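What follows is chain A paired twice: with chain B in the first complex and chain C in the second.
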Partner chain A sequence: MACDSATCGSSSCGSQEACCAPQKKPTGSQLVFCVKCKEGVVARVVANQSEPMCLGCLHASLLSKFKTAINNHSLVTPSDNVLLAFSGGPASRVALEFLREIRSKAQSDKDASRDHRSGLTVFGLGVVFVNEATVLQVSSADAQLVEDKISSIVCTGSPRLETLHIARLEDVFKNELSQRLRALLESVQDMTGREDLIEYLRMQVLQQVAKEHGYTKLVLGLCTTRIAARVLAATAKGQGYSLPADIQYLDSRWPVPVVLPLRDCVTRELVLHCHVANLDTVFIRNLSTMADRSSSINNLAHTFVTSLQEENASREYTIARTAAKLMPFSFNYSECPSTYLANRRRKDLLATNITPMNNKEMSSSSGSEVLCPVCSSPLDMLDYCNSDTDRVSLEENGRHIDEEDLEYCGGSDRGIHSFTHQSIAFQTVFCASCRFQILPDVHTKGIQTYELLPGSMRERAQKQFKDKYSWMRHQIEDLLIEEDGAESQT
Partner chain B sequence: MGRQMCELCKDRRAALIRPRNRQQLCQQCFFVAFENEIHKTIVDNRLFKPGERVAIAASGGKDSTVLAHVLTELNRRHNYGLDLFLLSIDEGITGYRDDSLETVKRNEIQYGIPLEVLSYKALYGWSMDEIVREIGRKNNCTFCGVFRRQALDRGAAKVKADKMATGHNADDIAETVLLNIIRGDIARLSRCTAIITGEEGALPRCKPFNLGNLDCLFTYAYYKKLDYFSTECTYSPNAYRGYAREFIKDLESIRPRAILDIIKSGESFRFALTTKMPEQGTCEKCGYISSQKWCKACVLLDGLNRGLPRLGIGRTRGKSSSATGIQTDNSCSDKQTSIRNDKRILKPSLDF
Partner chain C sequence: MQLTLEFGGGLELLFGSKKKHQVDVSPSNGHIELTVEALLVWIRDNLLKERPEMFMKDKSVRPGVLVLINDSDWELCGRLEGVLEDKDTVTFISTLHGG
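Presenting the complex of A and B:
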């Protein structure tokens, strides 16, 4: 009875009897017909805010958004080896299904053209699941149960099985220390900060797996609804500068570039599709499950977007589109833009004889963003170069800073090696948001959180601090009187 | 925990905790600290020049009363050399504005600065009571907001003001940032955090309280025993702004600094240069600033006068005047003549 989405093409799904579970029956006795296929097929669902659609067209509509995103932004090319970050939720479930469909289509195209030696290749596909059981301290049996469910989904329903990698959040520490992960999370008092830190650690784990197994793209199931909530949450966290980095189709600041092909799909439709196409999902508890809606800023923003949605169905699109008008960073563009584009740009330039107005050129200097060692968001150079311009924390820590600074000036001739992570200046290598919600007291008593961070994050912080120090030194080079000791230390 | 001594003077007992930095202060030190902050904002941002005639947009509410009080005080104390006066708009809302106007009239005497009152009835021929009777309780704030903005500019022009100061506080600005994100209004989003807007126009506006927390203003008004009027507008419960306000209140309860963080985000948004911004022009009808053929006030007024009050509210596809149902033959009724008369004076700034 189930309508297998892999075989149910947009046009072939004319016979509704084959599809199960009518989601929203047209009210009354009057039949509403699908507005898409115009073949007199009875509509079963409402998608795109108000369009009655048949199930086949819902599938086609979502798939076309997915494919358009991939094609327009070259998210996946035939030579890629794609790793899908699979959470078991509806978004990544649909992404898995769509990637399989596209892949099997590509495979059959390749088989058909084998004789012609056209050299067609098909992208590789793997799936990764990060088990976060440690965070909630669930028993290892329950954790195993979740893993079993995940593997039962991934290892069925496709003729060519994908490799499934199962990782644990504590893998971020080289020798899998769940104790240390727990201690780290417990050291972060702010709930929003804790949630965010888990997300940053998860990305580290995903990257580790992707790098280790030679993947070239990492697909996340981030959809419009979650982007809208993220935009509001990031605004409330003061991340206005770095916000655009996380919500673009492509994000290549990581060793393995991250792509978001579901960026134009809303959760509601993805859930609907999972339901009508009988795609199994797994519900996994996380920190915000059943928590009070005001447990964290992320949770609050999500509830807010949902409530706005009830009043106006297209609100999440509007919010996501507003954020899309913000200037992305250089790493949000594909590395080698097609020559066609390059030529066209050059022509435009010659024709108008002005400086290029293209996004890519205008986005801050190519690839030289300084990233926060914890959350990897680009740092606002205004904040970065002028230490402690952060108005809010200045006001909050005003008194501490005065005292520390005095102490600090006294020892200023000790050179770079005397700078420890307890110093005020060290704070500025982190973004203002992380400084507040994850490392609020890195310069005072509690250096604990910092010490517990994964080695990779700490190394980056140390390196960045050294770089910053030498950059500062470079700025005042002309004013320095050379001394034997001072030179050797830089 | 017992009561501590004031953290600044270390002499008197602390009477309050400042919400933004948890500093425990005595009353006197709080007044000084608060006034100094406003003074610093004014000086750092060069909000005023000596000799300027500054209109204080006064509603009789807490924010504008504190603004009137603090500006008069600072003007005297630091010799700004400003010619201050209060400007009030009478929207004609029975049970709300009539009472708050009484407060403003008392303020006029208390602070010894002149008051100018302009009414919707005189300017547009409609009071809010009449408009609400026509349109109902939904969307009425659209009329009130659009009309007041223009009315303030007209009032300021009438008494030849050089600048206008409004009592918008950090909470208001944070709300506006969120609303503009939710509505997708890029143009307003890009300018709503600016402390001075419309500098290129004839009447720049400034917000000396742009970083002042609501609680701070409230505390100040409370301890100074300021005479202000505190009732929610009788027509406002359905305003869309309420959504954002509630969200911000929730945010603030989790993290008090979220309000300043929203403003910080608003300031650091960088817009892609390819983004289309509306072009600033003037209304063909009244000469007021407008990105369309007619300014919003004229469109709304036209709808009211023609008995089609819903005109100009909600979604209008396409930008041609025919799509919005505007009469283009300019057959004005008497009610519009007052607007046409002072066409020349208006080159004001855009709202935030």
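Presenting the complex of A and C:
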């Protein structure tokens, strides 16, 4: 706001000298009007980077992005049973509200329709909350308080109440006490690794709940802001190869596919909408609450993106849009890739500027990427198959692991222990990031962390090692020398 | 003047875990009006229990903190230069826990 005084040279005078002209007052007589509806309604928020808007148009803008994402990518279909991962925060709160809105509309359409064919259905909706109180060693009374608050939000205000599932992070260990979760997290020295491991465990729990109760889609409240922070953090952690997998609308590498309908919304607008529409949220502490910004790479990336946003309101979109140019994986496409691509060309989506693979490549893509047993990120097959460590280990120590040992791979942990952990090659079944952050030296001192991991992750690691080892052995069996000194005949 | 200050999105942790504060703030000596900038200084000096860097950066709020004056975005009210009146409600919400 320019100052009238001749002595002030700047356009925004902060000197508060008496010479400055009085500024506009923030009352209802504000002269800025909504640029969207153009109905002379006073603007109350600034959204879409720089547009003054009324509350109705803010709601419409966010809902439109939500619905467009769902419709263009078939994220939720009428036959789906959708589970929303609700954290209590503004993004998932808005997701809950919008899912209720579109579901309610679909229900009224169905009720009003004279067509009584059984084909008309409305998608099912459930909500899950994962209580992570154990991570911060919160008392059980406080943990219960949080659950009560979550219940009161989800279980009121909707005519057709959704089922609320409350799970705990330690549920990832079947029937175990929370000591094991605490021991696992404490064994991870790297703070970023610890935060990331919590996220991977949380996804396991969400998938467990979704599968157990027959849900067909899992909705996360991941929005543009968090995707932008994730892009920067993943780049810093050396996860460049797998980065595209986590930031698309659809991710079906999981048993219950994960969808991100809020992918095009920014946190700022979601928080604003919650406040002005009186949508209750619950603030829950996590590891980075009140921590220094450099406590973890994730925190640093998020703080950085937030400060970039202050300088230029389009930064979050720019980062997310640039990352969207990376080729996604086969599991990021919906079930009918050719239909998906045809629809995309027709609608000329700007959100994801993917160069479509040709039909031959799409049809041969079986979707069977090799995934890291801990974080499920796709492994770069070139690195995976050509790791020098593996070759050295096999060729020089070819006889220390033979067919008999490989039989143990399917057996109990005791059978596996003596052989996998002595093998340097074992660590290559994990992605580089997990190796560095979570399981450094898994064949020596990292054993403790590995053994505390959930059974499902360890089983995946063992199976992958067996498969990889068999494959590699087959590749070099001409070079192996038989026990009796004779050359291999094959 | 009497103001209502509200803190959300985790900011309340810096203010004794109390979300709503009724305060009496006067413009500092020599000034006729109370601006948001002056209010921030007052909050830092009188209300903030710990970790000022979590709430403020230089003269403004830390990036990621939304400010609303009477439920209107402070971007529309001149940000730091917005003038406050008696009985106004100023809301500060942290967006750093996106959820």
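Here is the rule we go by: the second predicted complex is superposed on the first by the 375 of 490 C-alpha atoms of A that agree within 3 Å, B and C clash if a C-alpha of one lies under 4 Å from a C-alpha of the other, contacts with A are read in each partner's own complex, and residues count from 1 in each chain.
We take it that contacts are C-beta pairs under 8 Å (C-beta built on N, C-alpha and C of every residue); 3 or more make two chains touch, one makes a residue touch a chain.
What you are looking at is a predicted structure, and each value in this text was computed from that prediction instead of being measured.
When the two structures are aligned on the shared chain, A:Ser113 is found in touch with neither chain B nor chain C. Look at A:Cys223: by the touch rule set out above, it reaches chain C but stays clear of chain B. By the document's definition of touching, of the two partners only chain C reaches A:His275; chain B does not. Residue contacts after overlaying the shared chain place A:Phe283 against chain C, while chain B stays out of touching range. By the touch criterion defined above, A:Thr121 reaches neither chain B nor chain C.
Of the two partner chains placed by superposition, A:Ser152 touches none, neither chain B nor chain C. Within the superposed three-chain model, A:Pro90 lies in touch with chain C and out of touch with chain B [touch as defined at top]. In the superposition on chain A, the residues of chain A contacting both chain B and chain C are 307.
Within the complex formed with chain A, the residues of chain C that make contact are 8-10, 12-13, 30-33, 35, 37-38, 51, 54, 59, 63-64, 66, 68-78, 80-85, 88, 91, 93, 95-99.
Across the interface of their complex, chain C is touched by residues 1, 12-14, 16, 18, 22-28, 30, 32, 43-46, 52, 87-93, 221, 223, 225-226, 267-268, 270-272, 275-276, 281, 283-286, 289-290, 302-303, 306-307, 309-310 of chain A. Listing the residues of chain B that touch chain A in their complex gives 20-22, 177-178, 180-186, 189, 211, 243, 247, 250-251, 253-255, 257-258, 260-262, 264-275. The part of chain A that touches chain B in the complex is made up of residues 190-192, 231-232, 234-241, 243-244, 293-294, 296-297, 300, 304, 307-308, 311, 315, 318-319, 321-323, 325-328, 357-359, 362, 380, 382, 391-392, 395-396, 398, 432-433, 436.
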